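Okay, structure first, notes after.
Lettered A, B, C and D in written order, each chain numbered from 1.
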Amino acid sequence: MTCTVGIDIGSGAVKTVLFRDGEWLSRRAERIRRRDPMELAKQGYEEVLAEQNLKPQDVAYVATTGEGENVKFATGHFYSMTTHARGGVFLNPQARAVMDIGALNGRAIWIDERGKVLAYKMTSQCASGSGQFLENIARYLGVAVEEIGPLSQTSKNPEKVSSICAVLAETDVINMVSRGIATADILKGIHLSMASRLAKLLKVTGIVKGLALLTGGLALDEGLLAALREELVNEKIVGLTATNHPDSIYAGAIGAALWGAFRHGRLSELQSRAAA
Amino acid sequence: MKTFIGIDLGSTTTKALVIDEKRNVLGRGITNSRSNYDTAATIAKQEALVSARFYLFHNALENSHILNGALDAFLGQLERDFRLEQYLEQLADLEQVCQRNVGSAKFGDAAKGVGLALAKLFSLLKAEAPQLFVPGARRKSDFFRDIAGAQYLALGEKVAKDAGVRYDMLLNVFDRSIIEVENRVYADSIKAHLLAALERTFVALPEARAFSQRIRKPIQSVLDTELEETYVVGTGYGRARLPFSKEHIRSEILCHGLGAHVMYPKTATVLDIGGQDTKAIQVDPHGIVESFQMNDRCAAGCGRYLGYIADEMNMGLHELGPLAMKATKTVRINSTCTVFAGAELRDRLSLGEKREDIMAGLHRAIILRAMSILARSGGIRDQFTFTGGVAKNEAAVKSLTSLVRENYGEVTLNIDPDSIYTGALGAATFAWRAVVEEGKSAEHMGEKVAA
Amino acid sequence: MSTATAKKAVLKEDSMWLQKEMINRNYHEVATAHASGRKVSATFVPGNLNELLMCFDFARRLPETDALQNGLRKKSGKMIMDAERDGHSEDVCTYVKADLGMMLQGDIGPTGEPMPKPDVLLLSYTGCFTFMKWFELVRQKYDCETVMLHVPYQGDGRVNPAMREYVVKQLKDKVIPTLERVSGVKFDIDRLRGYMKESVKAEEDLVGVLQTAKQRPSPIDGYFGAVYYIGPMFTAFRGVPEATRYYSVLRKEVEERMRAGKGPVTPDGDHPGEKYRLVVEGPPNWTNFRDFWKMFYDEGAVVVASTYSKVGGVYDFGFRHDPEHPLESLADYCLGCYTNLNFPQRIDMICRYMDEYQADGLLINSIKSCNSFSAGQLLILREVEKRTGKPAAFIESDLVDPRYFSAANIKNRLESYFQMIKQKRGAAQAVAA
Amino acid sequence: MNVNQVVKRCEGLYEDLDFNAVKQWKVAAPGRKAIGYMPIYVPREIVHAAGMLPVGIFGGGDQLEVIQGDAYYQSYICRIPRSTLELGLTGRLDCLDGMLFPSICDVIRNLSGMWQIMFKGKYVKYFDLPQNYDDATGGQFYVHEMRTLRSDLEKISGKAISDQDLRKSISVYNENRKAVRELYAYRAQKPWQAPTSEVYLVLRAGCVLPPEEHTALIRDYLRETEKQSRPKRDNARIVLTGSFCEQPPLGLIKSIEMAGCYVVDDDFQLIQSWLLDDVSLEENPLEALSKAFLHRSASTASKYDVKKEDKGQFLLRQVKTRGAEGVIFAAASFCDPALLERPMLQEILARQKIPYTAFKYAENTGQMAPIREQAGTFADSIKLWSAA
């Protein structure tokens, strides 16, 4: 019996999961909201253990991912694209691409059926297509995070945000409001610009067909998913179908826990070989 | 009486400034820029006219020698009381809008609870309101959105918990409602508020009450004086959207150049750091712009950068400077990308740097960018005037001072406490010139602004 | 008077019509080249050896012009994005990406006809480093034969004999044999001489046209208008008799406007009156060309001289193709391209324009794509200001990437600039009075 | 000197933006002169033969606050020209008696003219490199360029440069290049013993030290590092390419290593390994230098590949001979040559099934998290899947 914990420390939230022999036992997700992520990680770790009545020594491998390179109690660290890829195939074995949209960066990862990263592409410095930007705008427009998706889907005339810079894009949005553009159309416009960036990232990776799974905090935003589907059609990337999963936000943590188990296996194998 | 008004519609704040025929500054008004430019301009102008009334009160009362030594204290109290009156009216408005929005939000079963919590919250807010306006009180800013928002956040968490409703829902109702409220112009109630405030002041300052009749008279006569908006000139980032004809619009570069020149006639170089742009302007001894440079399409290193930082640290803008002043060293920050400012901050914190040292680095980074734009425009010449919202920030000023000295030696650095109004002052001066020097008369303005 | 106006309008239409016709015909020629047994060449505008290519009967493609035309037709944005999706960086020259994007979309030319794969890429490496990568990229994708003509840079502001010799030697040893082999046509130097004679005539007239802008008011716009005037000369037509005819018609037309004291013609009709005379450095923006131009004439600004109208050859200081020394003069032509000049030379040239054309100021349109033009333009700005005492201004856009054209931003700067010139002028008058 | 001391010394030289090493060299004997050069290549032998010190100028790194330099460049131009200008405008390059700007791209090319205007009175030369590799054509032109340089330097120093002088300098540099080759070979063999963050510094010392001293320094380093055994990590072996001009900050190199990569070959400061083998001492020295350049030099985006088939061969050889498992493309932002070259090279790697990844940097990049993440993912995927 091997228990492993995966902790994904993002810029928006800390996600923790507990696995036993490939079986997912516990989960925690906590928005950071200006708290210390390392504290939250520790807290999440303790909580998942407590939930299963486990003690730290029962855990074979604590794997971090995201910004968790310096977590003291971790056994090892995997980089986020590695973990999102693995988490992606766990959540949906059909997935051949994983798109992770976090608070600051977006990534498109092309994977094979085992969760191996074949190619990937990350957004560059400018951040107008990030989760945080969407969140800021939604606050400005007085829309709750959960409402963004449904509202965006009611839009008839989406108004695209052209600016590459999030700061200037904010002004664009303010101008739109003053021009009387409906909230739904603005949100949809932002979704479309985000989607077109993502579609572009996807295309650059080289993948042409299969299922593309959204992971990360924005995966559950149905409006974004819908926009992405539209963009894939617009861009004639017809071989790809975009989808999400209710547990998408945990993909990174899941991947970390699974890779932790894999490394644990390898390491004990090496150890026993050394002992022999 | 004739007045000349300049309105500077900035990306972050909208400023208005009123001068009289002798080019005395009568009043200044500021509000946060918002989605509705007309409203922003109207409110700023209204605020400037209110402040002009206070100026006139001051003159009238001074001439009457009633309050001799106590005049400033009296007017200070009057102004605070006036703000409180305004605040209470807006708060009442906000409550109404919030309650209405609870009805239309999809809160389902929770709606009733949210409504009750709101009622509780607003009764607390109202009770706390006078506290906000006692002498020396610290407020996050002077804009209703910020003051009310800060109070709402602070009190809301507990109210939500006690009432067993989700805090998120309360926040959501606020976000929805504030836009509507802040876009309302309470033009009609100004006189009433002033009179009501006067009553409050007499309560607060019993000594003054003795002369209440003699005080009321000059005040009433000021209130009866019509402030004729003889000519209005608009400028700033949003000027193209002001409902003014081309004749009434000047480029913000010219206005900042002229404004700085009016404040400090020996100005040769002007630096203006606003919310989304940084401008370096060279002016000749007559205040005429010789050359200028602005930041390019990237908004890195402008005032909004500090806004992101303040949000990230959950602090008010005016608290950033003092924090940075506590630094014992300056952490080197290379990127001034506004959006990644928060990430950069977290990065440094996780490396164990102290908050104040990072803050010092962030301020220096902004000023470094400004130094480049200055260099691009032809460098710094004596005298050098620093304007715009960021000039209020002492840490930015400190970095600037030392970098100027390192690179250009000793130059006189002018910073006016009202430097944020430089563009508006330039615009008002253009308005004055148009009438007094060029003999123009105002064209018909857009209705909303003229109203 | 009314007949004169009517006549002029017709004449104007003459030159416009002629040009449009020529350009469309060339696209058609290129499109049908392979069907009619002709080979196709591709080369760049600066340092284009059009007369030489004509000697081998090539149908001539110019990828830069394709990109430009696609920009004008608002098709380039999509092409650039396609190229970026194909792995190109956001940071690099968008002309290249527009071209590669067009190929990715099936190589349909700006006029809607499919463009054939070039049989040879003549890489005239003149004044722009990106050219080299551009053709390497095309070669890698389409396996075209490539021939490099390395034109050394005028690093110390002059052409020395070794440079000329190097270019001529490459022409003789590499370029001509390759073109002969690809086309199957034997090189005939007299044919080259013949084309060059045509070039000289057209060059003379073009210079005549551009220099009418020294008049007040200027009958032409030396930037927005000039980009049309230079079209044939800088592309597949230099040396073609048709082009010679075009330039003589154009010159008459312009000189007539000048005699009538008229200003330039704008897309909205006659120019509203010359208030500001500018010199412009840097290429224009193509995706929003009309809007961009409008920002100038709406404010009464006329561009009297520009460096961009010299990218395909600096003729106004006396250089002409020389039929007597054809290869040497091709070398001199390449070596003397505007972007092959060093910085002091570029600054001298602009200062000279400021003076000869009595300009009120210099405006730099800095192009994100083009390092060749843009890297260091801020020094040009400062030096010209210093030397002429005239104000200069700086705006930024891109050639064919619509994402980099921010109308509000540019308008803001232009307005400020014009108001500044006006204010300064007012002050100067006040002092004089 | 133990290895830490060697590295410390190099670090000191690297961080010294005031070029004190050059100043010290100059005052050590009267009349000494120093000539700066920019990437990618100039024949340092000629400068050396003139009795002068060739000084490599690779921008200002991440410690220089660029103020005035930024005044001359728009945001969409790479960083090296602005930091180089900053160095010049702040007087830090006053110790140089001249600057050479080799043909690398339009930015450096234009900078040569700007330098002429901004630093009047200093010797400035745009040094053209041939893109035609025939001895009789490009070679002849190149020899002429070198001859001009030679006579310019003779004028500055006031003494003639004989062929014998040149040969001597060629042999000094042959030895230096040999040492550099040893260093690269050693690192490829034992990357844990010679981390790239150190190798980089050792190489970089060659920018300001006389070649003889630099050669000795490299050998000191090799000898000393071998003595101190260091832990070997389970890292992926990669070739880093694209950084031939503007150099990445040291933090970036460290981040790549921290994220699980061993750099086994690179194109940093190409000039030091530009000529692939010894330059002949038999022939006319300028012709020998020309031949080495035309036929036996490294490949980079700034150089034309005559045939389609030539593209990428140099990189493939690097991968094969150094036993690399993948390639990281790290190019300076807005570097047209590197970024336009990249898709071509990637296509070739893909055909050979060599994994690669790519990112951009600036010499003052401060945020390493995205870099670590990409390099880390790349290393993860090589490591986790290498057995599979």
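One rule holds in what follows: contacts are C-beta pairs under 8 Å (C-beta built on N, C-alpha and C of every residue); 3 or more make two chains touch, one makes a residue touch a chain.
This one's a predicted model, so the numbers in the text were calculated from it and none came from an experiment.
Asker: What pair of chains is linked by the largest number of C-beta pairs in contact?
Answerer: Looking across every pairing, the one with the most contacts is C-D.
Asker: Taking each chain's centre as the mean of its C-alpha atoms, which one ends up farthest from the centre of chain A?
Answerer: Chain C.
Asker: Determine the centre-to-centre distance between chain A and chain C, using the mean Cα coordinates as centres, and give it in whole Å.
Answerer: Those two chain centres are 48 Å apart.
Asker: List the centre-to-centre spacing of chain C and chain D in whole Å, with centres computed as mean CA coordinates.
Answerer: Taking the average C-alpha coordinate of chain C and of chain D, the gap between them is 36 Å.
Asker: Using Cα averages as centroids, what's the distance between chain A and chain D in whole Å?
Answerer: Those two chain centres are 39 Å apart.
Asker: Two or more other chains in contact with one residue: find those residues in chain A.
Answerer: 67, 124
Asker: Quick check: what residues of chain C touch more than one other chain, meaning two or more?
Answerer: Residue numbers touching two or more other chains: 86-87, 378, 396.
Asker: Chain D: which residues touch two or more other chains?
Answerer: 71-72, 74, 360, 369
Asker: Take each protein chain as a node, join two nodes whenever their chains touch, and name the resulting shape: line, ring, star, complete or other.
Answerer: Drawn as a graph, the chains make a fully connected set, so complete.
Asker: Which stretch or stretches of chain B touch chain A in the complex?
Answerer: It comes out as residues 11, 33-37, 106, 168-169, 172, 175-179, 241, 276, 297-299, 302, 304, 312-314, 335, 337-340, 342-343, 346, 350.
Asker: Which residues, counting only chain A, touch chain C once they are in their complex?
Answerer: 124, 162, 164, 200, 203-204, 235
Asker: Show me the residue ranges of chain D that touch chain C in the complex, using the header's touch definition.
Answerer: 71-74, 76-77, 81, 101, 103, 105-107, 109-114, 116-118, 125-128, 130-132, 134, 136-138, 140-141, 144-145, 301-302, 304-306, 308, 311, 333-337, 339-344, 346-347, 360
Asker: Going by the contact rule at the top, pick out the chain A residues touching chain B in the complex.
Answerer: The contact residues of chain A facing chain B are 11, 34, 67, 70, 104, 125-128, 130, 132-133, 139-144, 147, 165-168, 171, 174-175, 177-178.
Asker: Inside the complex, what are the residues of chain C that reach chain A?
Answerer: Interface residues on the chain C side: 81, 84-87, 90, 403.
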